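Shared chain: chain A. Partners: chain B in the first complex, chain C in the second.
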Partner chain A sequence: MNLFRFALDNLYRRPARSGLTVSAISLGIAAVVALTSIAWGFEASWQKANDARGTDLIVTRIASQNSMPSPFIAAKVQDALGRLPHVKEVVGLLSEMLTVSEEAPPAFVFGWVYGSYLWDHLRLVDGRWPADSDEAVVMVGSLASEMLHKKTGDQVEIEGQVFNVAGVFESSAVVENGAVIMTLNRAQALTDKPGKVNFLNIKLDAGASEADLAYIKEQVKKTMPGFLAITSGELVGNNAIVRISKAMSNATILIATLVGALVVFNTMLMSINERTREIGILLALGWQRATIIKLVFTEAMLLSLLGGVIGILLGAGLAVGLEHLELMRGKIDAIFSIPFLFAVLGLSVLLGIFGGLYPALKASRLLPSAALRHE
Partner chain B sequence: MANTQLIRINGITLYFDGGQTRALNGVDLTIQEGEFVAIVGASGSGKSSLLNVIGTLDTPTAGEIYFRDQAYSTIRDASLFRRENFGFIFQDFHLIPTLSALDNVIVPTIGCEGRGHKARAQALLSSLVLQDRLNHFPGKLSGGERQRVAIARSLINQPRVILADEPTGSLDSANAQQVLDLLTQVVKEQGLTLIMVTHDASVSARADRIVHMRDGCVEQAQGALA
Partner chain C sequence: MKRLLVMLMCFSTLCHAEPGADELAGLMRQAKSTSGFAARMNVLVTRPDGVHGTPFKVAVIGRFSADKQQLRVNGISPDLVRGRFFAAESARAGDIRAVSYRAPSEAKGIDSDARLFDSSLVLWDMFSPWWSWRRQTMMTADRINGRECVTIRSSTDDKNLTVREVESCVDVNARLSLRTRLYDAHHALIRTVLVGQAIQKADTSIQTAKKLTITDADGVVTQVEVYSGDEQYQIAADAFAALDAEREQKSGAR
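Entry: the complex of A and B
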């Protein structure tokens, strides 16, 4: 028998209350884990897509912080960009969320310049690539193929136009695996946006340094009013959806911390009130006040840590479940890193500290004789 | 029995309820080392209050108590002092229902340094004829057995004084007799001082001295050292 076992026994003696407290903490932690992993995953997934393409800089409109910024005429700046030092390639990209099948939720449809470096990182799983920049065919990602039930040779109808599926590809980025890709020309024609793109992707030559990158960014700022050159990390970080999802996950962390601490506080306070006489007995038996504080803290910590561990498992399960939900497939890619999981466990410890502090002090300040007389 | 003064109580007064209720009123008493003192009196006469102030569970409003010439008012850590010197036995046993007899005896040692608490608890329970009940929970023990577990618990920290508040009050006469026999035997073997609150004349008759209390005062002391 030691303090830990005694604390465990005290929780075991009140299974309903302990169970309800652990459940409440678990739900809060699960919400934190699910929302945060999805918010971070959302950001990481887009960054991974940009990184996989080998893009060094992205030029977009200054006001565009949406995940799909409003399109602009590429010719306005494309030539000027191509003349900047170390710029190897400047290619346009048009991106839209469109209905590809009546049976599936909307999917990302990308229009990429035919023959550009954007295609290089994709791996052909089946079929062939588009033959030229005007061929009315689409390539479907492996996940999109599964969701849309379309394979090489099938037809898809997008915005009233029929396209043949030329092949199926695979990418290291989930958002691309869940997408449909066609040549930029076909995408511009499909969406009635001739000559327009959402982004201009810049690939620099091998000799470009960080200073060259900074110079290009500065030149775009100076010479191309209304446009901004940023890295993929900056683009994703400024993205309104990423910001909103991060704000939501932060708000959830705050709410879960407050609610969790209050739940632990309430449970421990009720437990202390019920056990006033028992605490009096322990004091009479020679327990020191510091030992009483340790006991209450240990109980609070056990509740919050158990809630934390269950919450992590529940939250991870929830996030993975959401990833596989028909509506979300191919759009989110939840991330669980070891530091993040430790941070969540740290949050659980904070719940125990905040929730257990006052009850522990209250219990330690009980007068033994008054506690023994307590009915 | 040695005639060494262990506890000296000088003019102790104790008020409860913010001064509304007077539990003790100028109590003077001296207790010798190894003595068995029975405190008797009607309900509300201050018996348990006197036991509580001796055991440092309550702080007197006025007066002073000395333990081997150390004034209680100079004690810095009352919990440690209590643990080192006093063992408590209650009328209602106050065992923890979800712990075995053995674990109940070990509970007072939680937070104490040192080893061998378990072996000592086993030895104490065996000396109180509970060697077959070590892993039994309180709900599976008779009243007499529960009180014997409580006695073992009071002895685990090797105190100098046992403070017993009506330890046979919840037992039938046969069990009461057995518990009392074992308690007095252990106390005698270990040379401890026993201060017992009781209503039972047959119990108090076995004490070295009987202290009668009335309205918070020591009315009369009888016995060898009276």
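Entry: the complex of A and C
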């Protein structure tokens, strides 16, 4: 009988304890997988939205505690930004989280400058685009269309005003698919923010380099007090919700590691105590102390690896399930990368190492004569 | 050495002492100061029997400067509140004049402490005029929703007012009253305003309420949640035309 088989049999002999240990580890790992994939997905989705639009830099007011920067008069800085080198287009964006239907949770309502490059990446699925900058119509993302039960030709009421749905679009970013878009003029009128935007999106020409990007950022800092030029990645990184979700996932990783290691530690220690005589016999039969250590480690690893695999599947299922939950649809887009899943599996192996270390050493230090006397 | 110790003591105690009641009232007045703001909020009224009213949305715009304090509240949705406007202004003397209207030319004077949209929203409260009253007394420290605050009692003998005494528990750093209790002349509680969640104003440590609950003495509970705001709202020239129109109507009638 080889060592692996021997370790596996030892775990089979105590199915309830092994099962409970695997369950505890898998729950911890599932929480890590679900929370981390959602946090990353949330960040990536916003970044994807900005990248898909072709925005190179975003100018906003220096962030406050609010997740969405305070609106500002676009004209204050728009012209000056347009004069900076390599700047091809500067367009405003207004964004609000508003109730679009009493039956659905609030959705993002974006106001984009009519005819600007922001619209270029959207694919029209049905209907038509707004005819001009003042037309009182909205475009509904494919996911929003499903959630709000609205299609081309229907009407939606936003902030007490009725809009016709001109068309349904699809975007590569889930945030946009779950949103309602109208022209900036209409959004400003709707929210009573004439001339205001949350962000100014800058598109640079093809000749712009990283150095040019840095120069523009520096110029904004120097010449436009109170304003900040950042890349979409930096903007998303600064977002309070992203920061909170990342902090939560980090805290979960820490707690899951501690709890997982303690569970493995407890299980293995109990197992060693119950099997003191057995270990004594093995030592008396000539087993090396290193072999005893290997045996205990193998058992700990098997428990944590199995917990890890089940936890990954459970966590992925949980995240995907949450994505489809009515309240969350269009707001989260969980990301599972292969390196991340391997890292989680690595984490479960670490749990086995940390949890099995002391019990393995304790077992190897047993004196065969004392172990055989153990009742 | 002695001198150094005295200096250190000064820095650690006197120089960083908490503001007194009058000073804090002044700071609260200052914190409200704005050339223009706008906020949109969801409002839910619960009757004393536990029955919820239809949730509605309102928009508030206003300005608070030394010489001009004006507020306008209007219903956004549903139809029940849409198009209904209320405006009020505070004169230097502290009197608050309020009107209600659908079109500015039809503005009619109303009581400034009338309930708006059958909720516990009251224009008079929104001006928090008690911070300008002459009698301000510092009371005990308290803790509300895990946040420390100091209680200040503001009182007045003005017989024209329904509210004669206000107890505010103020988070001094945030310049925000976490709980405000309004009493009548017989010290009977009229309303309690409790802040559930606050957000920081841009570029300052000053906070403003995001979620609050107003509980009336008769058991009506109004929950308010701000979902959109603009700290630098540009007030249109005709935003408070209804107040002028009502004033002209009154003077014309005389």
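Things to note:
In the analysis below, the second predicted complex is superposed on the first by the 371 of 375 C-alpha atoms of A that agree within 3 Å, B and C clash if a C-alpha of one lies under 4 Å from a C-alpha of the other, contacts with A are read in each partner's own complex, and residues count from 1 in each chain.
Following the convention adopted for this analysis, a contact is a pair of C-beta atoms (placed from the backbone, for glycine too) under 8 Å apart; a residue touches a chain by one contact, two chains touch by 3 or more.
These figures come from a predicted structure and were not determined experimentally.
By the touch criterion stated above, A:S369 is placed in contact with chain B alone, chain C being left untouched.
In the superposition on chain A, A:P194 contacts chain C only, with no contact to chain B.
Contact with neither chain B nor chain C is seen for A:T152 once the two complexes are overlaid on the shared chain. Contact with neither chain B nor chain C is seen for A:Q219 once the two complexes are overlaid on the shared chain. In the superposition on chain A, A:R289 makes contact with chain B only, while chain C stays out of contact range. In the superposed pair of complexes, A:N164 makes contact with neither chain B nor chain C.
Residue contacts after overlaying the shared chain place A:P71 against chain C, while chain B stays out of touching range. Residues of chain A that lie in the contact sets of both chain B and chain C are absent, per the superposition on chain A. Against chain C, the residues of chain A that register as touching in their complex are 61-62, 64-66, 70-73, 96-99, 106, 157, 159-160, 191-194, 196, 226. For chain A in complex with chain B, the touching residues are 1-3, 6, 9, 12-13, 277-278, 281-291, 294, 367-369, 372. Chain C contributes residues 38, 40, 57, 59, 61, 75-78, 82, 199-203, 227-234 to its touches with chain A in the complex. Across the complex, chain A is touched by residues 52, 55, 57-58, 77, 79-80, 82-84, 86, 88, 90, 94, 96-99, 102-103, 106-108, 110-111, 118, 153-154, 157 of chain B.
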